[in-house]
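You will see subunit A twice below: alongside subunit B first, and alongside subunit C after that.
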Partner chain A sequence: MTMMRYAEALNSALREEMQRDPTVFMFGEDIGRYGGVFKVSKGLMEEFGENRVRDTPISEQALTAMAVTAAMSGTRPVLEIMYADFMPLTLDALVNQASVFGYLWEGQVEIPFVLRTQGGGGVGTGAQHAKSLDSFVAHVPGIKVVAPVTPADAKGLLKAAIRDPQPVVFLEHKLLYNMRGEVPDGDDVLVTIGKAKVVKEGTDVSIFATSKMVLEAEQAARELAKDGISAEVIDLRTLRPLDIGAIMASIAKTHHAVVVNEGWTFCGFAAELSASIMDHCFDDLDAPVERVAMPDMAIPYSEPLETAMLPNAAKIAAAARKALA
Partner chain B sequence: MKNTPSVEEQKEILRRMVLTRRLEEMLGDLAKQAKTRGPLHRCDGQEAVGVAACAVLNDDDYVCTSHRGHHVYIGKGMDPRRIVAEIMGRETGYCRGRGGHMLLGDIATGMLGGNAIVGAGIPAATGMALSFQVLKQDRVAMAVFGDGAAQTGICHESMNMAGLWKLPVIFLLENNQYGLTVRQEVQSPVKDLHIRAEGYGMPGVMVDGNDAVAVYRAAAEAAERARRGYGPTLIEAKTYRMEGFSTSDVGGYQPEEEIAQWRERDPIRIAAAALDELIGADEVARIEAAANIEMGAAFEQALADPLPVFETHAPSSAYSEISR
Partner chain C sequence: MATPVKVGVAGGEYMESVVVLEWTVKTGDAISAGQHLVTVETAKAATEIEAPCEGFLTAIFAEPGTEVSLTETLGLIGADTADTAYEGDEPATDHAPVADEASLQATTSEAVSAAESLSPPTPGGRTVASPAARRAAAMAGIDISRITPTSPTGRMKLRDLASATIMRAEIPLVPAGGLSANEAGPLKVYLSGTKTGIPVLMLHGFGADAMSWFPIERALARAHPIVRMDLPNHGKSPRRRMTRFADLAREIVDAFDALHLDEVHVLGHSLGGACALALADIRPRKVASLALLAPGGLGPVINGEFAAGLARASRPESLEQWLKLSVADTRLISPEFVGAAMSSRVDPALRAAQAQMANDLFPDGTQGFDLRPALQRVECPMRVIWGKADAVIPWQQALSAPGRAGLHLFEATGHVPQMERPEDVVAILEALFAASGGKQ
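On to the complex of A and B.
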């Protein structure tokens, strides 16, 4: 095990996969000489050269479309889109290209690329640099979506994503890059895409979250414990394919569910979780599913305004209490 | 550098142009009888562009085209019977009926592929060229796109990166004068679009898109440049769409006299005339007759082929919800 920061874990995954497989290459804005605005690709251009680590123009639409067809042509591209807020610019490539041709040309092509991006609020980056648009990508058939919270899962899932034969959108969070954690060495670190993890066992209510919201859910569980409420926290890790088995197992035990997502509420990822739970767990539920997500509005800049909007431990704990009331 | 088609190549180009024209005519007839599904975008009049440009490529070179790509499908060497089968929604089609006439793809001939999002074929070929460059392969990608697609933002982004990185890609701009119903001069402030190449640091050339030999020469030179590491070329092939936007088009916006002028310059007649001098009119007539018969047989076979059943197409690994 090695103690490292989340950004370092990602860097180490990229380095190891590029060493392991000469068809892996990276491109994106500011990722080369500068090492990425969040320093995830620090040192990689020096090690692998300008052919395999490319600084690009500001061209998210074409970059994503090019990642799709480069992946059809023998390489495994890893594209960095600097902010999740820029994901709408990438959507034709995901919705009308990657999602379509994997099926139409099945057996002829595979589309093994990774689109890394980071979202989330809390540091005053404003309405165009703080959103979580998870549902925009999780909505698209044929695209896998992962959102790890720990350095170990960040490294393990990124390595798995690079090796995966399908397109994977890899969602990071700007407030996680400096978080530290123990990371297994070698291939022991690999994490299977599509597998949730029980972060904290509990018996009264299940809280489902991804990315930074897992940390808020854990804090909520600690607060609930003070009142004698035993909350189970499930880190879904992968948004699609969803580990419905882990969700069913937890609700069969607790009979109460809180779903959490940092994105907008209406048609958001939490809405899909709620619907999936209705589909699969209705008979096990003793109360309606409680949803904690972002209000449906632009994220304001000023600190008290932004803070008031973000889902947090207190809102999650309140939702759990409501589910149990 | 070889940039003139041999007699054998010219014969094959003519054969494929006639195959394409016959495909379009037979599809048009079936559409009138309501025996086709969805709109069909015929390329009558543009055959020289797709067929002659593809003639300079190898099987492992990739080409991306648009919603109007039948000449590229045939030009890249795809089998007429399986093309027709796909257009008629048959299990024996290139995509087993999943794609339809706009979205064919075939890795064996390097036709990857049709694309019905206008402009999407441009970054598609650019991304393939990026892959070839990363892997240091001696391969070329070509995008065949229209004057409508040339106005998209993604066209600018793609050409900029292709020029910047000297990617082995050919941008073949098929200027057929119309984006759906809107004339090119209503879509662009400049008449000649190849002049944009200068802004991307690549050569921009204009050719008569109805002259197969001229298209071949320009494409051969562009492919050679790309293979030598000199980067992309923008070729603007001036041509004309003789049969409207699609089979659902009610027409009326292409002036009759304009259509008549372009019919005088039918690319098949120009290619045939050039060959007449080399091999004689009888041999040319024989090539054309054989191509017409071949396409007729392709329709007969394809229409007898089975339609797909949903059960074998729904649970697809492309949409796997299980991690592999």
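On to the complex of A and C.
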């Protein structure tokens, strides 16, 4: 095990995969000479050269189309989109090309590319640089979507995503890059895409979250424990394909569910979780599913207002209490 | 009926209260609609409150200098100078300005939606229960309409079936020194079923209670009067020490005599089966038929750990293990079932009494009483029903039954055939009852 920051864990995943497979290459805005806005690709251009770590102009639409065609041509591109807020610009290549080509050509073509991006609020970056658009991509069949919270899962899932034959959208969170954690050593330590993880076992209520919301859920669980409420925290890690088995197992035990997502409430990923729980666990539910997500409005630049809007531990704990009332 | 004067929206949308500065009229004055009556101070400014209608000012409730909420009544405008009758804090009448109406409606609809979010709808007056509570109730044979929900939402939850709460509750350990109480009083008896016909007397097994007959009680109750009894130290019956099986048998016979029944079909399970057999031996002319489900007393072998462990189990986790031992298909022992079973075992005095009883009746893990001679003496129609996967009392003990008894041995069935094979058991019993019509 090595203690490292989330950004360092991603960096080592990229380095190891590029060492392992010469067809892996990266491109994006300011990822080469500058090392990436969040320093995820620091030192990689020096090590692998300008052909495999490419700085590009600002055109997310062109970059994504490039990634799809490069993947079809036998390489494994890793594209960085600086902010998840810019994902709408990538959608044609993702939704009309990458996600359906395998189907249109009857599996004769693989699209092994990774779109890395980061979203989320909490640092006053305003309405255009703080969104969580998880559901935009998780909505689309043919695309896998992961959102790890720990450095270990970040590394293991990124390596798995690079090796995956399907397009994978890899969602990071700007407030996670400095989080430290133990990361297993070894070049082939992968984390399986589509597997949730029980972060904390509990018996009274299940809290399902991804990315930074897992940390909020864990904090909520500690708050609830003071009142004798035993919350189980499940880090879904993958949004699509969803690990419904892990969800069912937890609800069969606790009979209460709180679903958390930093994206908007209406049509958000939390809504999908809630509906899936209703589909699979209805007879196990002892209360309606509680949803904790972002109110339906633009994210304010003002930090106090932003803080008031973001889903957090207090809101998750309140939702758990409401479910258990 | 007088019209109240209120601040309403004039108080400003961010304010909870205002301060009364000055009344420009006095009681008894004639008032025209829209006339300036009183000036109040809000955060923003001094605001004039106008008369909502014409009439006479008949009361001033809020004197200058007092702080009032936006909904309080400042004064009254009556039809004449003596008209002071009004309805407390009723919302403004249709004399109120249009803006007032709109704000009232907004407030009301907010209040309604808040209430809706807490209280689930009750379509057609049906009981509202969570899906999990509804399923658990169905499994336990509980009528949810008779249970009072504890949730502020008014929705029945699992815990209302005495499961979730029990599972979380701190359950005290069995007091050291075992049984102390020696309560007097008759055994608890439950009556159900039809009014006529030969009653079916049901005697439950060790560690259970009269409610444990739910898998077959309802089916039998359609055609027979049902009499269920809680054994001593079980359910709602008194706790008292019995050092020998004969003491227990005496209790059952006494309780039976007190019912003044001419004739009964007797049905007993496990330890209750031993009691049923003893009753049939002691009161042979009262017993129309005898059905024994995995009965005790037919051999020395018993899983002594089962009786002791079941009696001592103070937590759902430990109880679950023993309950699972009693069935072949452990899927029957769901968390809801364990919760329901645990809910009847919360009282540490009950568990202590049962632990003592297990020790007295099954010393050294042995059935300390032998009813095989009594079994040979039974003359009424008799059936012995056993599961061949019984891990508590070996089914081979059924073979000591006399040739005239009917034996029913079920494959892949544990110690509680009435739970694992309810339809079969009911069919066997109905055939037995039909074949032994009694003296009528």
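Here is the rule we use: the second predicted complex is superposed on the first by the 323 of 325 C-alpha atoms of A that agree within 3 Å, B and C clash if a C-alpha of one lies under 4 Å from a C-alpha of the other, contacts with A are read in each partner's own complex, and residues count from 1 in each chain.
Note that a contact is a pair of C-beta atoms (placed from the backbone, for glycine too) under 8 Å apart; a residue touches a chain by one contact, two chains touch by 3 or more.
Quick caveat, the model's predicted, so the values are computed rather than measured.
Asks: Applying the touch criterion given at the start, work out whether A:Asp284 contacts subunit B, subunit C, both or neither, answering first, second, both or neither.
Replies: second
Asks: Which partner reaches more residues of subunit A, subunit B or subunit C?
Replies: Tallying touched residues of subunit A, the top partner is B.
Asks: Could you say whether A:Ser276 touches subunit B, subunit C, both of them, or neither, answering first, second, both or neither?
Replies: It touches nothing on subunit B or subunit C.
Asks: Look at A:His255 in the shared chain and tell me whether it touches subunit B only, subunit C only, both, or neither; answer first, second, both or neither.
Replies: Touch partner of A:His255: subunit C, not subunit B.
Asks: Is A:Asp164 touching anything from subunit B or subunit C once the two structures are fitted on A? First, second, both or neither.
Replies: Only subunit B; A:Asp164 stays clear of subunit C.
Asks: Now for A:Gln219: first (subunit B), second (subunit C), both, or neither, which partner does it touch?
Replies: After superposition on chain A, A:Gln219 lies in contact with neither partner.
Asks: Counting contacts the way the document defines them, which residues of subunit A are shared by the two interfaces, the one with subunit B and the one with subunit C?
Replies: none
Asks: With touch defined as at the start, can you tell me which subunit A residues reach subunit C in the complex?
Replies: 203-204, 228, 253, 255, 282-287, 325
Asks: Of all residues in subunit B, which touch subunit A in the complex?
Replies: The touching residues are 62, 64, 95, 98-99, 103, 105-107, 112-113, 115, 117, 120, 123-128, 130-137, 141, 153-154, 157-158, 160-161, 164-165, 316-324.
Asks: Could you list, by residue number, the parts of subunit C that touch subunit A in their complex?
Replies: Answer in residue numbers: 130-135, 151-153, 155, 157-159, 164, 167-168, 335.
Asks: Which of the residues in subunit A end up touching subunit B in this complex?
Replies: Residues of subunit A touching subunit B: 23, 25, 27, 51-52, 54, 56-57, 59, 61-63, 65-75, 77, 92-93, 96-97, 100-106, 108-109, 141-142, 144, 160, 164-166, 192-195, 238, 240-242.
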